[in-house]
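Both complexes shown next keep chain A, but they swap its partner, so chain B is in the first and chain C is in the second.
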Partner chain A sequence: MQLILASTAIIFLGGLLALAVASRPRAASVLAAVGAIAGSAVGLVPALRAVLGGTHDAIACPWGLPLGEFHVALDALSGLFLVPILVLTAVAAVYGTRYLGHDTGPRVGVSWFFYSLLTCGMIAVVVARDAVLFLLAWETMSLASFFLVAYDDRRESVRHAAWTYLVATHIGTAALIALFVLMARQHGSLDFDHWNAGGMTSALASLCFLLAVAGFGTKAGFMPLHVWLPEAHPAAPSHVSAVMSGVMIKTGIYGLLRILSLIGPPPAWWGWLLIAIGLSSGILGILFALAQHDLKRLLAYSSVENIGIIAMGLGLGVLGTAYAAPTVATLGYAAALWHVLNHALFKGLLFLGAGAVLHAAGTTRIDRLGGLARRMPRTAMAFLFGAVAVCGLPPLNGFTSEFLVFIAALNGMLSGDLLVGATTAAVIAGLAVIGGLAVACFTKACGTIFLGEPRTSEADEAHEAGGTMWATMALLMVACVVVGVASPWLIGRSLASPLAVLCPAPAGLPIDLNVASSPLTGVVLAAAAFIGIALILVLLRRRLLAGRSVTQSGTWDCGYQRPTARMQYTSSSFAQPLVDLFRGLLRPRRDAAPIVELFPTAAHLQTHVGDLFTDRLIAPAFRRVREVLSRLRWIQHGRVQWYVLYIALTLLVLLVWKLG
Partner chain B sequence: MDFWVNCLVVLIAMTNLRLLGSSRVVSCVHTVAFQGVLLGVLAIVGASGGLAAHGIVLAAVNIVLKGLVFPWLLMRALRETHLRREVEPAIGFGASMLLGVLLIGICLWIGSRLPLPVGVQASPLLVPAALFTLMVGLFMIVARRKALTQVVGYLSIENGITAFGLGFALKEALLVELGILLDAFMAVFVMGIIIFHISREFDHIDAGELSALKD
Partner chain C sequence: MDATQLIHPLLALALAPLMAGIVNKTKSAFAGRNGPPVLQPYRDLWRLLHKGAVYSRTTSWILRAGPIVSLAAVVTALAMLPFGGTAAPLSFAGDLIVFAYLFGLVRFLMVAAALDTGSSFEGMGASREVTFSALAEPALLLALAALARMAGSPSLSGLLAGAVANPAVSIPVLLLAAAAVGIVLLAENARIPVDDPNTHLELTMIHEVMILDTSGPDLAFAGYAALLKQWAFAALLVGVLVPWRTGVLWADVALALAAMAAVAVGIGVVESTMARLRLVRVPQLLLAAVACAALAVVLVLR
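Let's look at the complex of A and B:
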């Protein structure tokens, strides 16, 4: 535990030093990155020990604040979230030194300070065992990431994104405060360790659960609370997007899991609610991702989709616990936890790849790119690996966690209960749809950006990512492959202790993940064999072509002599059949000048897909609130004396009320 | 002993009424300075069980700062801004006095209900008088238009807090009191400068006109 505190201190110190030398951006970047690496290295030791060994380690001491105490602890569940936090923040920090390398001015140093603060906040969130400490850490994390999103604050869209995020995260925090107050009143303590005493009525427990879903779901990005993600992720610098999407939104999942482990035995409808959220987030998330024209926005929606998959795993876990089906419960939770880990790796990789594209071509608008595979082959390869992982294709790591969800759902179908069977069937069908759409979505992204011809001169002049950026991407790429291939062995070793925290096994029944890892071994071996065959074919081809001359020429274009780069599939046209299929949900806006004359001159076609929930739910709700609240504007008249009067009268009335 | 303490407390309460009723800025400044001196004397007279060193220090600092330094700072601000010497009340003087009497009633009631440690009060009237001083200060801030009279109100609040602290022979009283005094000193210093700048910028120090700055 002391090592975790030391690691937090090192990271924070790095941030402080970066702030101190803010006048020299390069030095600030290096100092913060060194702090992040050193801190992570120190912190990984106890985190891994907790995950693999299942140790529990705590420090509790009183502090000067009127409420709560300083109580931190490291158990296997905290450790499992701590590992991706430490790894990804260190990797992204190294990437960021290069990514922000061209920026000048003190804002670089300031940004690094908030980056360190964000890391420290996330560490504190997963080790805090006191409600007040947890909320402090939560707010630190949220505010630090707000300042990180607002990095490029001269752009109006960035400011708007940052405000959207700030409002969303505070709505979530409001729900969390209500949750913690309820729990503390019930148990008479702010300490998490006193909260699993039981004795909550089912209505109160359900209220707490709903508050947790709302509060933590806002951070995690459950639909329809996801509205800040597609705004904030594109606005933030890419290494920050990678951290926010890869690990910060997972703290929401962690919070939900922690509360679930404290709140007592769950009724079945909690599971159904989580599965419904998971299905809607997953399917709608990937559909909206498919319709996007901006790479980072697409990735943000894909995060919503992956959070949906995690929520499905959680839902299956809760459902299994409620129906006393330990296999389903174990596998469901295992799937959720495993996907948390995997998503951190491949989404981090994809955001870093998107950052490399932005760095090279100056834009992430898919329709202004193209042909980048030839100009930046290493980035293209890394992005391709990330895309394969996010689509859930074997043998990369994304596949293994989605496979666990499938196995959990299949076990649920075997349970014999009709309702459970129907629910799990829906999960299987939903996951299949998500998988298919994800392949379409990332085929579109990879194909339009990296293949074909460059659509603009910026894309034509793109350069390969520098050594540092490439090294970090390569590291994550290798991690995706290794974790995927080694998963049959890794799952059992790394998830057993965290699962013991979540669903304490019934007496004498050890947690058994073999039911998942043995078919997984088969799939991984088959995939390896498949890749081996492909490699052999490639070698064979090279062998056969060895003695002959190979020339390259233009594709035969039916005799047409003047093809241009605009005669390619664009992101809209590639996605158009699917977008049209789901027109009812996506509501694409189309602005086209129809061709009416025999010899048409100028024509244009523009499509835009807004966010269903932002446009239909959140924006009208906020407009309504503003209308109501604007009637109270007469209170805010700007007369200082009256403001003092308000305060004085409030205090007087409170005093009289208290004494009366 | 108790007689003199009671006399001082009643005098403090009466200075408050004079603060409410006076129509000239200068007399407001003088009144609040007099109040500060009275508090200093109270610190000496009210010290139960002989004079301790910290009581004398507190009294001396109180008298010097509130009786000499603050009035001097405020009079200088008054002179440099060349403003008219009337108070410009938002609530008339008669109404202010009536409200003051009402406030005394409320304060006496609150003083009788406040759960205070028994047996440490120098005088049963001290807590109501302290509260009254505090509320009059707030009232001055709310009901007077000039920024300078608002500073006077702020000083009156500070006097109220000091009086409240004097009522209890607490061990840490000296540190707390000195800390508050230092705060008040800085605040008055800054306010004096700001008032000067406001007056130079806007040609008046009417705080009511600050509403023009709202969004």
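Let's look at the complex of A and C:
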């Protein structure tokens, strides 16, 4: 535990030093990155020990605040979230030193300070065991990331995105405060250790669960609470997007799991609610991702989709617990936890890849790119691996966790009654739709950005990412492969202790991770067979082509002699059939000036897919709130004398109330 | 491992082109032509394997990787299918998901390879491929899940083991699942009414247009992978539709092979008697497959 505190201190110190030398951006970057690496190295030791060994370590001491105390603890569940937090923040910090390398001015150092603060906040969130401390950590994390999103604050769109994020995260925090107040009243303590299911009525437990879903779901990005993700992720610098999408939103999942472990045995409908949230987030998330024109926005929506997959796993876990089906429960929870880890790796990789594209070509608008695979082959390869992983295709790591959700559902289907069977069938169908749409979405992204011919001169002049940036991407790429191939072994070693925290002994579910690792062994065998056959075919092809004529020519465009880059299929046209098929949900807006005359002049076509929930739910709701509140505007008129009168009147009322 | 487990993969590798030959022969018979010899697909593959290659200047390593990954993935998927009375070489809980997702990998790489050329025609084909597959995937997995529930086994070897316990429930379920798998077979293998393998306009193709710029051994790999994929889906359909076992190994295999030939003839008949659907109508056909599979799920859960 002391090591975790030391690690937090080192990371914070790195940030402070970066702030101190803010006048020299390069030094600030290096100092913060060194702090992040050293802090992560120190912190990984106890985190891994907690995950693998299931140790529990705590420090509690009173502090000067009127409420709560300083109580931190590290158990296997905290450790499991701590590992990706530490790894990804360190990797992204190294990437960031190069990514921000061309920027000048003190804002680089300031940004690094908030980056360190964000890391410290995330660490504190997963180790806090006191409601007040938890909320402090939560707010530190949220505010630090707000300032990180607002890095490029000269752009209006960035300020808007940061503002949206700030409002959304505080609505979530409001639900959390209500949740903690309820729990504290019930148990007479702010300490998580004193919180248990004992004495909680089922109505109270359900209310707490709903508040946790709303509060933590806003951070995690459950639909329809996801509205800030597609705004904030594209606005932030790419290494920050990687951290936010890869690990910060997972703190929402952590919070939900922590509360689930504290409020007692779940009724079945919690599971159904989570599965419904998972299905809607997953399917709508990937549909909206498919319709986006901006790479980072696309990746943000894909994060919503992956959170949906995690929610489905959680839902199956809860359902299995409620129905006393240990296999389904174990597989569901294991799938959710495993996807948390895997998503951190491949989504981190994809955001870093998107950053490299932005760095090289100056834009992430998909239809303005093209042909980057020949200009930046290493980045293209890394991005392709990330894309295959995020689509959940074998043999990479993304498949292993989606596979676990599938077999959790299959097991529920084989053993359950009609309701469970119907639910699990919906999960299977939903995951299949998500899988199919994800392939469409990421072939669109990879294909339009990296393949074909460059569509603009910026894309034509793109350059390969520098050594530092490439090294971090390579590291994550290798991790995606290794974690995928070693998954049976890794799951058996690393998930047993976190699952024991989630389903504590009174719930009485025997945990046997063999139900997860033995099918995964089959997956790995299949993957090994696939890789072996592919290698044989590579050799065979080389042998066949040796000594034969291998020539180059233009692309066959059906006899057309003068194809230009602008004639290529664009990402919009690639996605059009699916967007059209789901137009009821996506509501694409078209703005076209068609070609009318025989000798046409200017014509244009613009399509845009806004967010269904922002447009239909959030924006109207905020409009109504503003209308109602504007009726109170007569109180605010700027005359100081009146304000003094207000204060005096308030004091008078309080005095009367106190005395009366 | 039992040597009989290798019978199916070897049969598939050897006979997949023959199946395409039978389809073509059937279509020729309907059209009143002699048609190409049944063994023509073998000759085509053989000829391609002996050619050099031409690559577009636009392309990168992705175009070269596409056919190799496809062939390797399809062969791996074949290793999970039982056939007749023979068990699959690779069988574990949830192998049906790996089976389906290996074809997802094939699709990813072939679509990427098509986009690698920068040709708008190949982009068009790729776009249609991902659209239709996104709808075919739930139909396939739901149908397999229904069969899994009925057989009480989460692996392909178990759910195609050929046990018909309660005919009143199992026969409708098998028929519905077969309808779903049958439609997916036609959609995933570039068959009428979804795609016309013999159309002469690049504008209207799906699968053929995606490999316009693939040549020589690469084209042989891609073509062979497509033939094996067709075999795999047909073998799945046969496994669903022919659940009876005699208990004698060679008789079961012979029965299954006869059923494969019948499926090939059936594809030929469908192709000869139906017109291709308009592209905007294809999703409706695939949704019908999803509906069949969902109905099968409802029946087994009841």
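Note that the second predicted complex is superposed on the first by the 639 of 660 C-alpha atoms of A that agree within 3 Å, B and C clash if a C-alpha of one lies under 4 Å from a C-alpha of the other, contacts with A are read in each partner's own complex, and residues count from 1 in each chain.
Definition applied: contacts are C-beta pairs under 8 Å (C-beta built on N, C-alpha and C of every residue); 3 or more make two chains touch, one makes a residue touch a chain.
This is a predicted model, so every value here is computed, not measured.
Peer 1: Return fit or clash for chain B versus chain C, each positioned on chain A through the superposition.
Peer 2: fit
Peer 1: Once the shared chain is lined up, is A:598 touching chain B (first), chain C (second), both, or neither of them?
Peer 2: A:598 contacts neither chain B nor chain C.
Peer 1: In the overlaid three-chain picture, which partner chain does A:393 touch, first (chain B) or second (chain C), both, or neither?
Peer 2: second
Peer 1: Touching A:425 in the superposition: chain B (first), chain C (second), both, neither?
Peer 2: second
Peer 1: Could you say whether A:522 touches chain B, chain C, both of them, or neither, answering first, second, both or neither?
Peer 2: In the superposed model, A:522 contacts chain C only, not chain B.
Peer 1: Looking at chain A, which partner touches more of its residues: chain C or chain B?
Peer 2: More residues of chain A are touched by C.
Peer 1: Give the angle at the C-alpha centre of chain A formed by the C-alpha centres of chain B and chain C in the superposed arrangement, rounded to the nearest 10 degrees.
Peer 2: Seen from the centre of chain A, the opening angle is 160 degrees.
Peer 1: State whether A:628 touches chain B only (first), chain C only (second), both chains, or neither.
Peer 2: neither
Peer 1: If we overlay the two complexes on their shared chain A, which of chain B and chain C does A:453 touch? Say first, second, both or neither.
Peer 2: So A:453 only meets chain C here.
Peer 1: Of all C-alpha distances between chain B and chain C after superposition, which is the least, in Å?
Peer 2: Superposition on chain A places chain B and chain C at a least C-alpha distance of 52 Å.
Peer 1: Shared contact residues on chain A, chain B side and chain C side combined as an intersection?
Peer 2: none
Peer 1: Note which residues of chain A are touching chain B in the complex, please.
Peer 2: 636-642, 644-645, 648, 652, 655-656, 659-660
Peer 1: Which residues of chain A touch chain C in the complex?
Peer 2: Touch list, chain A to chain C: 370-371, 373-374, 377, 380, 384, 387-388, 391-394, 399, 403, 406-407, 409-411, 413-414, 418, 421-422, 425, 428-433, 435-437, 439-440, 442-444, 446-448, 450-453, 518-519, 521-523, 525-526, 529-531, 533-534, 537-538, 540-541, 544-545, 548-558, 563, 565, 567-569, 573-578, 581.
Peer 1: Along chain C, where are the residues that touch chain A in the complex?
Peer 2: The touching residues are 49, 51-62, 64, 68-69, 71-73, 75-76, 79-80, 90-95, 97-98, 100-102, 104-105, 107-108, 111-112, 114-124, 126-128, 130-131, 133-138, 140-142, 145, 148-149, 152-154, 202, 212-213, 216-218, 221, 279, 283, 290, 294, 297, 300-302.
Peer 1: What part of chain B is in contact with chain A in the complex they form?
Peer 2: Touching chain A: residues 90, 106, 110, 113-114, 135, 138-139, 141-143, 145, 150, 207-208, 210-214 of chain B.
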